[in-house]
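First chain written, first letter: the chains are A, B and C, and each begins at residue 1.
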């Protein structure tokens, strides 16, 4: 009984935090899911690209005003995503899937070690972005404005993304590539530029995610992106990797669940619960909530 | 049958040879100052070669993409530590939990029966077997729901299980057994290099025999084409489970050896990053090559922990350059890894074994 | 082709082994260019989660080395050489790092930041019969049962109890929210001792743990608020601390913490968010002339050298761990003098009798290898000025 009472007491705050965290997971998860949809590659380096975006912003504001630093950060992050794809994934296009995945793990390893080397591992205070870092009152809880903006912005960006995929020529090419790589190439889809665009969009979303994430949590350190990256990846698998609505639903579900568990005082198990939930879903629906059925070709 | 016998003989011969070499290396390291680091690296690499080979059985020979290695190692490492801390030292180790609930130590029990020289060794080996058995049990438990999943989904589910196991070990409720988040230490360990070599050698020999047996052929058939394998009458579920459990067993033994090497264990170290490291060794060595995995473990550990250390020292900078600084070693190392992954896709050995290389050479002189 | 590659790599491996031999062989003589050399190992993380803190401890030892670069053994003057290795903050990587020091033939070792890596390396040092002097590893397990480990700082049981007394004396706390890091022995150990003392003092304890890698502290802050906590006790690493301070600032509950918080990271975080932060530390520049001299000397040394300043996180805020690194080096030098020999075993035996008045107080080792201290310095953050100030010296009641 007391547990329920306690839960009711902290419910609004936990929900608010959960929705906000969920929005961030969803933004990162989109990067995973889009790449997977086309390349069938788990891009392990995505979480690190997200962290790099945080550091770039930190260093950028020391050299220029914030309104300039934001586009510069986005640009550099996108460039990084593009470069990683060209250098580490493109040469392996015809290699077995395992090799590409190992390459992704290698890139993640490299990016992390580079960050340690360059930043010295000291946790850094993320710069204050005006307006979104302001404090506001909502449901009797004091929080930063970014907490409320995150889910809204996430939904807006996803709608934009869906329009891009359903209505534009690029989107058509992406859908074709994700359905059948070889046929799409035969039909004249420039597969390499489509893949590059996917990485550009994914990195763009990671950069936006990093503004929201670090404005909320305000500390950048080289490994800070690992756990959100892993959670976002779980979210993507949860929703059925390759499915955009799936990633979004998965992100929000995981964000809300783990915050509720923490509010109930079981924070030791919050990560374990996330994974247990994932395994349960996979056992019931082996390709995630919205995933396509795997075809077995003989 | 005859071929198996020959493999056993060759394997035992190799183990004997390596044991002699390791005793020699130890004597060398003891007499030449500056070489004791080599001994540490060799110990660690020996342990890792078992871990890499056991992972290769799953990923390389059976085609099951699993990322749960760190979880099984964790089970092994904790089992080993819990079973071998001398009773007198338990109060100090379990300082918050009144010495913990386990109040016996296998090496001490066996030395009571078998005497002070043989007993502890038997006790330690027995503890290692328990490590393997427990890890295999967990492997079976996890395999039940998870092995139905395919490729990436299997990978993330096993990764998840490893994380869950870590949480449970750190859980306050089990602390009288696991010491919670605190370090387990002061347990009995192998002091020399050669016991590591013998234990790992026997384990790898068993794995080689398995891979060359009819079960091994079934594993490879599953890897190459599940549907075709099933059509040929191979029981998919049974063989996958078997491969998974056996791999877990050896990961558990490897975890126990790892605990010996570090002489203290703490759950927080057994992260996904550890699994990735072992996976990198498997890939660098060549997926589906046992000797490749062994070779790669030695190169990997040697590079990351020994040969490149000078890169961290800013005193070694030449001229006005400020490149060398703490952390640079790992950057260089990850670049090397990336180069191998990108340009030598099939790893050092591909899917060949070391003896294959010599066979080919002989093949020119006379047909076998 | 593959065969060739395999051969080439094997050859590289063998060459590597040989190179290792040569390297080791070259460094061994105590005699370099006619000068006698004694090596002091520094076993610290410069990468991994504790990398930032470890580097500051190294800086303390390096500064001490710049002050006292030679030592007289018998009648001969020896040049002291620091051998610094990176243990990467991880227990399994630490073993080979410790072994590297042994291979270099160091006479005594300083470090490490973080109790876990120190415990992992203890058997290696014991086997090689090299004494290690811990700087800021406060967990009792570091020296307990490890005859070759000493340390110059106080222990967690004492620190935790003192901080509980601080909560009682300074904040009249009736309820304390204890927030530790799951899986971290330093954090959980200190939390445990704090809670025990709270029980004795009649303070109610509500506890929770942060899972590794989690960045969202709002749930914990809300829990602390709904428990009506008077203080939050958060003995965490600087990374988690930085996250917590920012998110807890609006709750208006004072935060107290252990020694790791004496760091520029905390200063920046607290100054930015205006949080009310107090922590225990190892030294206070106002406590003694030695401490004041260290403070000004160390700052000047940092500012004179851009590399060192970068290793200190780009600021000249002096961390307490640097002071401990300094003291550990000085104690090592005292022991070498007392031993009158470069033999590591003799130095270990001499350590037990060393008496040294350091920056962080007097160093006299007890039979366990620990320093007995009865007072801890408490500092706070002046958010308006953006600097630390001394609150009081707290003892046990």
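Assume a residue touches a chain if its C-beta (ideal position, glycine included) is under 8 Å from a C-beta of that chain, and two chains touch if they have at least 3 such contacts.
Worth saying up front: this structure is predicted, and the values here are computed from it rather than measured.
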Measuring between mean CA coordinates, which chain is farthest from chain A?
C
Select, from A-B and B-C, the pair of chains that is joined by more C-beta pairs in contact.
B-C
In whole angstrom, the CA-centroid distance of chain A from chain C equals 36
How many angstrom lie between the CA centroids of chain B and chain C, rounded to a whole number?
32
Touching two or more other chains in chain A are residues 113, 116-117, 120-121, 230, 268, 271
For chain B, residues that touch 2 or more chains besides their own
167, 170, 325-327, 330
Touching two or more other chains - residues of chain C
46-47, 51, 55, 182, 211-212, 311
Which of the residues in chain C end up touching chain A in this complex?
46-49, 51-52, 55, 182, 208-220, 222-223, 226, 238-239, 242-243, 246-247, 250, 265, 268-269, 272-273, 310-311, 313-314
Counting only contacts in the complex, chain A reaches chain C at residues 6, 9-10, 13-14, 17, 21, 113, 116-117, 120-123, 125, 128, 135, 141-143, 213, 216-219, 221, 223-224, 226-228, 230, 259, 262-263, 265, 267-268, 270-271
In the complex, go through chain C and note every residue touching chain B.
2-3, 5-6, 9-10, 12-13, 16-17, 19-21, 23-25, 27-28, 46-47, 51, 55, 84-86, 88, 90-97, 99-100, 102-105, 115-116, 119-120, 122-124, 127-128, 140-141, 144-145, 182-185, 188-189, 192, 211-212, 307, 311
Given the complex with chain B, which residues does chain A contribute to the contact?
36, 40, 42, 88, 91-92, 95, 97-99, 102-103, 105-110, 113-114, 116-117, 120-121, 230, 233-234, 237, 241, 268-269, 271-272, 275-276, 278-279, 282-283, 286-288, 294, 296, 298
Residues of chain B defined as touching chain A within the complex:
59, 65, 145-146, 148-153, 155-157, 159-161, 163-164, 167-168, 170-172, 226-227, 272, 276, 279-280, 283, 287, 325-328, 330-331, 333-335, 337-338, 341-342, 345
